[in-house]
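What follows is a short report on a single structure.
Order as written gives the chain letters A, B, C, D, E and F; numbering starts at 1 within each chain.
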């Protein structure tokens, strides 16, 4: 195990994690999540309507949108609104966030309404999609609390928690929670989404250079599993704190 | 003077103003500006290229882009990147910001490079465009300091400071620095952009209901002038503080 | 006062003004307005439907669209329909025309119908937006006359007239009604929209080069006020003439 | 022959035809052509560049764009620039105009430059595409005269004249130069483009209802041929008149 | 008559023609049509809804869409879905296919439903639009048979057959059913659409180089007429064969 | 193991597999691949240019585009070219195909040229993306053979083979190579891309309903591994057959 991480971080350690609830005031849930230098603002908005494919079904919908501020990155990227379309990467990520959140929602219990998770990256340093999923869960919980408090729903539709982390192999070393320089230099990159009870929701592994072996995959899944346990604990702790207006 | 403002604010008082430099780390200038509950992240990005109409001119370019996070507002708005185009309002605002900043720049002294001011509204409560201009100036100054420190330019191309504020008439009372509820209820709404030396850069007055008189216009311009003096002082103070990395 | 205008025009003189009603036959109102060499075709179309935000409100809507024929200008510009989007400038202008006309309309008296003002520039020589507003008012009046004649409305929803003119400072001289060469060389450029009774509807002043002083602004507003009085008189005279089919 | 045309027009008569050169001043050629109530503004713009497929070929290019003002028609149509795309009909027409004009141009003699014919319909009453072709030829000739006068070309690249007319069968009667009500009620509709020397450039016949016979086609082609002879004569006469600045 | 065709084909001979019904399984009609090396997959899809302009009319609609796979051509063309818009040529062709099919349909007998003909070119060697029309008719017939078998309609809405072929003059020789190399080198190119009973539905002739004479046009129409008789016979024979699931 | 598959297929059996090389003639590689009723046409096009990020690098590029014919599916889907944009799903799939192929290419050995894999679904019954990857590899090999034969490259840049298969858990039973009805009813769905030597290139597992366990994941990976061994053998066999022109 030879690769040296910045700040002397252990290969199996998460970056400093910070979850700030109530970061902005209009949204039903608003969470700033920080995985080290990666900072994502996740808001949960409740709207009393559903997309066409859910109309009249008695079920609700949970969906996500993702964006990066143009200068959240090392060099400025084009503003997608100005270019007139979202990149394939953006669409891929927002579909992943949406599926991950829906995996822990009972859409019947939600009723015919939509929760939209907007995940906007204020500062990027690797792992924006996993931070987004982890923060979006907390924002979604706060939005559900609002619905419960308003008496719009009687029972929470949230069945479990969900969190995500990236893992990868850099110069032969399996690492947890990759930062940007690790991510761009890695051979294999995997994003893992798991529930609080330990089930897998999504596993997306990609060989950037050479193909990876089954043994490497097992090592990465083990790293991810323990990382997500820590993220789950942090989500629980954050939600246990009072939310000051 | 009968209209009562929230928090007992005087008709000629600005909202609490906060300017945080170095809010994010990648941009050459990064400023979070807060006019009360309005919060705009202004980043200044330097790129060593110019748009086609400036190529080979020896001059640089200063431009701006503006966006609102979908849930920066009371109810969620569509994400412009998802809709595939920027609204007329967005384009109008980003053109205004760009013109305002160019008014205090000597593009020859900047050299053939571009400074892009990205103004993204994290939370909206009226006055987002005036906050954006006021914050963008500070971010632009920080970007210029980077260029000077790198030796890329020898002399600052910044000729003066620039700041902006909204004024309006609500129920017959001229008010400085409108918040959202005041703005949506006002008869006349004016955005004023001025330099530190007191010259006008932009004056945009609109009668929302009945047309306004010359006397009303004079009252509004006077209010704006003194508001901008305070904003200018705050910009100067913010820039005088050390910028911690 | 040193700047010499073309054709010996006085600094406070409008260009030759011509208003031709009934220029085309299908529209409820159709006006060709000429400010010197600037020629704009303004049609007013009545449709018995309103946009979503007015549905069921009992109120009508007045809106505008603006375009330039590709070769209305000195060099050919791209056709916006071919490029697939309207420029920021186009959107800014059509929003301005719409607001200006709505300022003199009682939307309740109009009833749930829409008047669309299409302002298409056939030939451009500066001041296309101010000509468009001035001509659109006449076209709108003709459309209202049709509605009254058809018995669709009993009382005119038009509360006042509206007209617009540009003013600017060129080489230190304040000028009324800028033509293209004056406009492109001017230091300060202001578009003023006023009602027939003398109230301000819009004031949009922009420093192209150095910022302008309060005294300069006062001079420009005075020039604009007298120019608009002449435009108002011309609108009244044009509307007093019989409209031949 | 039973169908009665408006204004007692004979089945083989053109509508009153008017060709006004120099209608606007910036374009190298600017022609307002009127086929009865159909009025199309055709401008010819010369640009000293060619599209990519002609670069370095030593040949020029002739192309066309077509548009209808939103209220040129009986009921207002959407503005294509606002909708963000040109309709299939618009594209079909502008491709037809371009091909028709190129048929009488020697692109080598034109040299590496482009003539763009912008055909904008101010008022529509059937036959806008045929009026556009007929008017565009006159505008193109005026643009070529400018190039000759400027000494940019020594020999005219125009090999022949080109004009177009519509013919159709309405209630069994073959008619020349259909106006809108005839066009919308006709069984067969044909647009014919011919050179001054009598060659066919385009023949586009469409059965709107029942298929048409060879005999009907022959009758329509004969009508079109004599109509185009008259249009050719009118083009020649118009070009023989002096063009007042 | 000097031009030598590939494979010793006579100037008035069609290329080998093959019509394969049931080429794919989901569509109500699915036909692979081959005109020599040109291969077009034509599917007919029935949907129980009509476009807005037919709603409540009691009538159905028949429409078409056309596309070329990016590498159906000699060199790869852009994928229109990726570019974000269909070319003018594509729109022109799909409008032609739609009109041609509607010419043989009684939309009242079809009832309020839509048949969409998707014509996708798998391999192109000239004549893709004429192959598409010829194949689409067969697919439409199969879709109508499904509707009859399902008892959704009692009487076939198909009034006649329809087929299409290209003709052109290459080096002075009139040729039937042009392949790509002939098409790109020809002086005059004509697409002819006819019904089984011999009526003309569309005639679209274009002079690519010099204008064509009436005599040339007559020769082309005669060639096309006999070619379409053979295509009609082939359509009839193909539809007479059993359609294996 | 209780779920009964159609046609008595074993839970660990692939569907009938067919690979037809040289399916169309213009592309350097053209393969029709069939996984049961799923049929995808994969063409490989060689172009002597690279995208901007590879210019001057000495390296080539391998990329993919994916599309479904509108009626390849049970009910007709919108044509993406007509809608004006590719769906998120389409972009996700074409990015996956591109990454998978690049994983077995040495871009340096390819030289500065691009191979584009167009994967167009003619008929869909589940597994279109895995069929596309498996077929695209064969098409890419044929394109490389052309480059070798032309002497444009001296050594093959293909380092290994690549193939893909879907696996999933339906009613508790792990299944190999899901067809449409299995796919839409499954709890967990995983797409696995592997090289011929047995390394993983991509693993994308998604819980459609309840999260999946590590044991389930292991079972799925084992099924996929043996499925891909069969696909690899079939690719090898197909490439060993002579390619008839």
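One rule holds in what follows: contacts are C-beta pairs under 8 Å (C-beta built on N, C-alpha and C of every residue); 3 or more make two chains touch, one makes a residue touch a chain.
All values reported here derive from a predicted model rather than from experimental measurement.
Trainee: Out of B-C, A-B or A-F, find the interface that copies C-D, where copy means more than half of the contact pairs are identical.
Mentor: Going through B-C, A-B or A-F one by one, only A-B repeats the C-D interface.
Trainee: Starting from the mean Cα coordinates of subunit D and subunit E, work out the distance between those two points in Å.
Mentor: 29
Trainee: What whole-number Å value describes the gap between the mean CA coordinates of subunit A and subunit D?
Mentor: 59
Trainee: Which whole number of Å gives the spacing of the CA centres of subunit C and subunit E?
Mentor: Chain centres of subunit C and subunit E, defined by C-alpha means, are spaced 51 Å apart.
Trainee: If I count partner chains per residue in subunit E, which residues reach a count of at least 2?
Mentor: Where subunit E meets two or more other chains at a single residue, that happens at 84-85.
Trainee: Under that contact definition the chains make a ring. Starting at subunit A and heading to subunit F next, list them in order.
Mentor: The chains follow each other as A, F, E, D, C, B, starting at subunit A and passing subunit F next.
Trainee: Please give the residue numbers of subunit A that touch subunit F in the complex, ascending.
Mentor: 85, 88-89, 91-92, 94-95, 99, 103, 160, 190, 194-195, 197, 199-207, 210-214, 217, 221
Trainee: What part of subunit B is in contact with subunit A in the complex they form?
Mentor: Per the stated touch rule, the residues are 24-27, 30, 37, 39, 41, 43, 45, 47, 65, 67, 69-76, 79-82, 84-86, 90, 116, 118, 120, 122-124.
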